Amino acid sequence: MMGIMRIGRAQLRVMDLDTAVDYYTNVIGLDVVGKEEGKVYLKAWDEWDHHSLILQQADSPGLDHFAFKVEKEDDLSEFEKKVEQFGCTLKRISKGARLGEGEAIRFELPTGHQVELYSEIEQLGTKVGVLNPHPWPDGLRGIAPHRLDHVLLTGEDVKTVTRFFTEALGLYQSEQVLSVDGEDMVGSFMYAANGKPHDVAFIKGPDKKLHHAAFYVEHWYDVLKAADILSKHDVTVEITPTRHAMTRGQTVYFFDPSGNRNEAFASGYITYPDFPTITWTEDKIMHGIFYHRRMLIEESYMKALT
Amino acid sequence: MMGIMRIGRAQLRVMDLDTAVDYYTNVIGLDVVGKEEGKVYLKAWDEWDHHSLILQQADSPGLDHFAFKVEKEDDLSEFEKKVEQFGCTLKRISKGARLGEGEAIRFELPTGHQVELYSEIEQLGTKVGVLNPHPWPDGLRGIAPHRLDHVLLTGEDVKTVTRFFTEALGLYQSEQVLSVDGEDMVGSFMYAANGKPHDVAFIKGPDKKLHHAAFYVEHWYDVLKAADILSKHDVTVEITPTRHAMTRGQTVYFFDPSGNRNEAFASGYITYPDFPTITWTEDKIMHGIFYHRRMLIEESYMKALT
Amino acid sequence: MMGIMRIGRAQLRVMDLDTAVDYYTNVIGLDVVGKEEGKVYLKAWDEWDHHSLILQQADSPGLDHFAFKVEKEDDLSEFEKKVEQFGCTLKRISKGARLGEGEAIRFELPTGHQVELYSEIEQLGTKVGVLNPHPWPDGLRGIAPHRLDHVLLTGEDVKTVTRFFTEALGLYQSEQVLSVDGEDMVGSFMYAANGKPHDVAFIKGPDKKLHHAAFYVEHWYDVLKAADILSKHDVTVEITPTRHAMTRGQTVYFFDPSGNRNEAFASGYITYPDFPTITWTEDKIMHGIFYHRRMLIEESYMKALT
Amino acid sequence: MMGIMRIGRAQLRVMDLDTAVDYYTNVIGLDVVGKEEGKVYLKAWDEWDHHSLILQQADSPGLDHFAFKVEKEDDLSEFEKKVEQFGCTLKRISKGARLGEGEAIRFELPTGHQVELYSEIEQLGTKVGVLNPHPWPDGLRGIAPHRLDHVLLTGEDVKTVTRFFTEALGLYQSEQVLSVDGEDMVGSFMYAANGKPHDVAFIKGPDKKLHHAAFYVEHWYDVLKAADILSKHDVTVEITPTRHAMTRGQTVYFFDPSGNRNEAFASGYITYPDFPTITWTEDKIMHGIFYHRRMLIEESYMKALT
């Protein structure tokens, strides 16, 4: 059992669906692949699966749920047991409940976030195809990220949610932030066995909240171009290009029209299951997050949660 | 069973050990971590394990063997069965046969190359450590790659060796090159479930030969700097910076003092076990290898094997 | 008298005007700004003047002429004297002979190339304008260079043509290539007082010929993208991305549909009139041109002249 | 008369000379070329002249003076007349008053800053030399900029100081910031005829003050590396990497140990004397300075002057 392969989708609540679709297609540069009542499905050009982002009309912004893709259909029942053993309530989502998808299981994290696991999903393919492909397609728009990369969430009990992900879901922890006395875990980065520095991460804060959803771009130069594009579209850029020491990735943070924080994230180290967890002490957390400024750049970064 | 995590090491035959050590430390920028009679062990700054490259004094250049690291000690006996079922002769290497390593199994590929699997190896850690790390260390020398990335080998029967890697070792095939009639496989790229586009690849050619050993650098800009550094050290650069359409990586090829081909390889797409295999038709193979030139740049590229 | 500011335009002979316009607009990414019988005028997005490239329908490819813009109208008569003192035959081109231009003077170089000087030209402005401009415009196509950068020509007597440019036209020599005995000048790079490493350069070869016309892109990353775009359009790339030691610029060479060689050129050092001329000895010329390969990469590079 | 070629040097007041030398050599990466009582002379690796930065022991930080290099010795007397015609008091500095330099003229700007013009200075050469040079030297340290690039100063009367530079010194204005009613000039960027977007710039503020001294790096990637290096040395980074719309350059701002602001500045457009001046309206000034954030990132940016 390989288990979880990657974060496969996020469903974001947005307050005006048309405005959101315009932003996620023209500024971020995703493609619309399907529509339902009150929902629009999108994918990035370099993703194989039918969709990675669902926009959902709602009264308030935030994350409806996010989901991991598991390798095999049979993995679902294995995970069902483990999740229930951990004490989480779980339900089955029927095939066809979402466009292009098969059956899923849905449960609540110790932090109150809704998570799903699924295996079956239609593959639309990347825009360059599988036969003698070019390295990138014509007609890209906006930031044009390769993929949905990760979500960062807040929760009261980071230690327990980390234990849930590593024990019940088989993820690995790349980095942790510990209180200076070493007693409390205030940050946690976790990845499936896919080489990424994180598929999901938590920082201590209110339960059920989204800090940001990140899209992957390849280079530091693409981070510059992303920031330029955001300014050309008059999108609010909260944190201008800088480097994380955590993950080593390069970043720019900004907000979608409903106030959900997005990130264009580039580079970052490779991970393997045998790599030790990197530890940050809380007094150095700002070195970890904003390696260049080494202090909180904007108050909003800690407060604006959806 | 997660199984194979990554290519963990390559042992290269070199004709003058001192010259080779000088090149791999000052031009490539690896660090010497240990010595034995006729052998020098090295690692890259961003690798955790004790070593990833062993240089071995020999009468002719080439690849003595390469090895995969598996996640758990128990995986070795599982793989032992599968390798023997496939019909390969296999032997155990005792703990302590190599510096810093535990037990290993060794066998011959259908292409005649020697491969080992191991799980236990001392971890020296990266040069930035695990506590509040900086993104990169001071005192880097030369090209300073992050890691040994992959080897590309030649063999008569690419189809069978691919079947061996996917069936017996559980690797995945990211790309294949088929003859125009679709009958013959003349190229094959394979990866463990680690997000990389390849850990090992084969192109049709004489058995037992090494085409190149590749080291990972992060950016296209690092490929430029690598090429500059090679020229400053008067190292023969065979293929100047360009892009592969296969893997999408960026590359520069050059030779170590014994004539073993090296590559500085950057970027490349992410892989997952559920991704379809990309297919190249043999008439487009040069588009795949040298995306910009779309023809064989240097005759030596096909002929210089060690 | 400031004198010559820059190379302002090149007029290229092309064998099929429609095909050429398609290439220079969609692959290079210039904009058509005007048409006359048998001629199409184009400019790059970041140029101020009315045009920088004129395509001229002809039976054979090559350079009809190139032209320098001088700062003041009065400079023309000053240069007229100097050019005639040097012994070159000269004529006046009337205002209106070209779209958007005023009067010009035209003369033949010692190498047989036709050159013009002009001062008056309509300014269409860059695509980002002069009021609160964005750093780059929307809607760029193809390679989208900033400007025509330089031309490299061949001629029998490089020393004399260099003397003409420095003495009669007031240009400065940034680099020269001398025969090993120091007697003969076989390469020469010259610039106006504008900070560029070259506006025009010569290498020893047949008179009247064009080696290449170069367009400026900003970064090494843009050179990669340029090479990618060329491959996507199936344009012949002669020399894949590499660095010149001469000028330190980064480069990719390719051909327009008529066989005129183009270059996408990035970076390069800054120059000032008080900088010494850099000297290359002819035995190191390939280090200078192809810093990474340090040998002639393609025979065509020396032979394909138009 | 070509006149002014470039900003040639800045003399900074520092409060502890040893600390300052350590910072400017190991973090910025300049080389010490000479010492006098209370002064240390430095140059960047890619500059030809004897020095471009003089550190002067003082009780308070700030800019003692900065200086332009003019092309010819005779230019000095020409400028002497023009400066005096403009009403500035002027004095001659004798040859030998500074290491490696000839005679200079010194005068006070309408903003109270001290400026010098000089022509004669010993040339030490760049670190790569003038014979078959490599594109960059071995042994670079720290940020390793190519050169001193520009200074940005504050003054009460930006319009008059601009008139002084353009009329008396023959500089060109690349960009201006006007009050919304168009009456007042609150920012001004000026360059010599050298292709740079600025050699000196002013923003409205107290007279005699330095906002920053900038060093040139080539690429956006070098800005990332510069910011990384600053963090590794625990230097205060005030503004993390971003783009200016003014000049289009890429930037990171930080402070030397005495509180003088430094910038690592990359890219930026080319300029020519015939280019129109770009105009910013004061309501868009933050778009111009911090193109991504479009607001004042740090209060200190307007207040910390030396």
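Each chain carries a letter (A, B, C and D) given by its place in the written order, and its residues are counted from 1.
One rule holds for everything that comes next: a residue touches a chain if its C-beta (ideal position, glycine included) is under 8 Å from a C-beta of that chain, and two chains touch if they have at least 3 such contacts.
Composition by chain, UniProt nomenclature: A, B, C, D = Metapyrocatechase.
Being a predicted model, the structure only gives us computed values, none of them experimental.
More C-beta pairs in contact connect the chains of A-B than those of the other pair, out of A-B and A-D.
Taking the mean Cα position of each chain as its centre, D sits at the greatest distance from subunit B. A straight line joining the Cα centres of subunit A and subunit D is 43 Å long. Taking each chain's centre as the mean of its C-alpha atoms, subunit A lies 48 Å from subunit C. As a whole-number value, the distance joining the C-alpha centres of subunit A and subunit B reads 31 Å.
In subunit D, 134-136, 219-221, 228, 231, 243, 287, 291 are the positions where the chain touches two or more neighbouring chains simultaneously. Listing the residues of subunit A that touch subunit B in their complex gives 2, 5-6, 46, 48, 69, 71, 123, 125, 130-136, 146-147, 193-196, 218-220, 243, 245, 248, 267, 269-270, 272-281, 284, 287-288, 291.
Against subunit A, in their complex, subunit D makes its touches with residues 220-221, 224, 227-228, 230-231, 237, 240-243, 250, 252, 287, 290-294, 297. Contact residues of subunit A toward subunit C in the complex are 134-136, 138, 219, 221, 228, 231-232.
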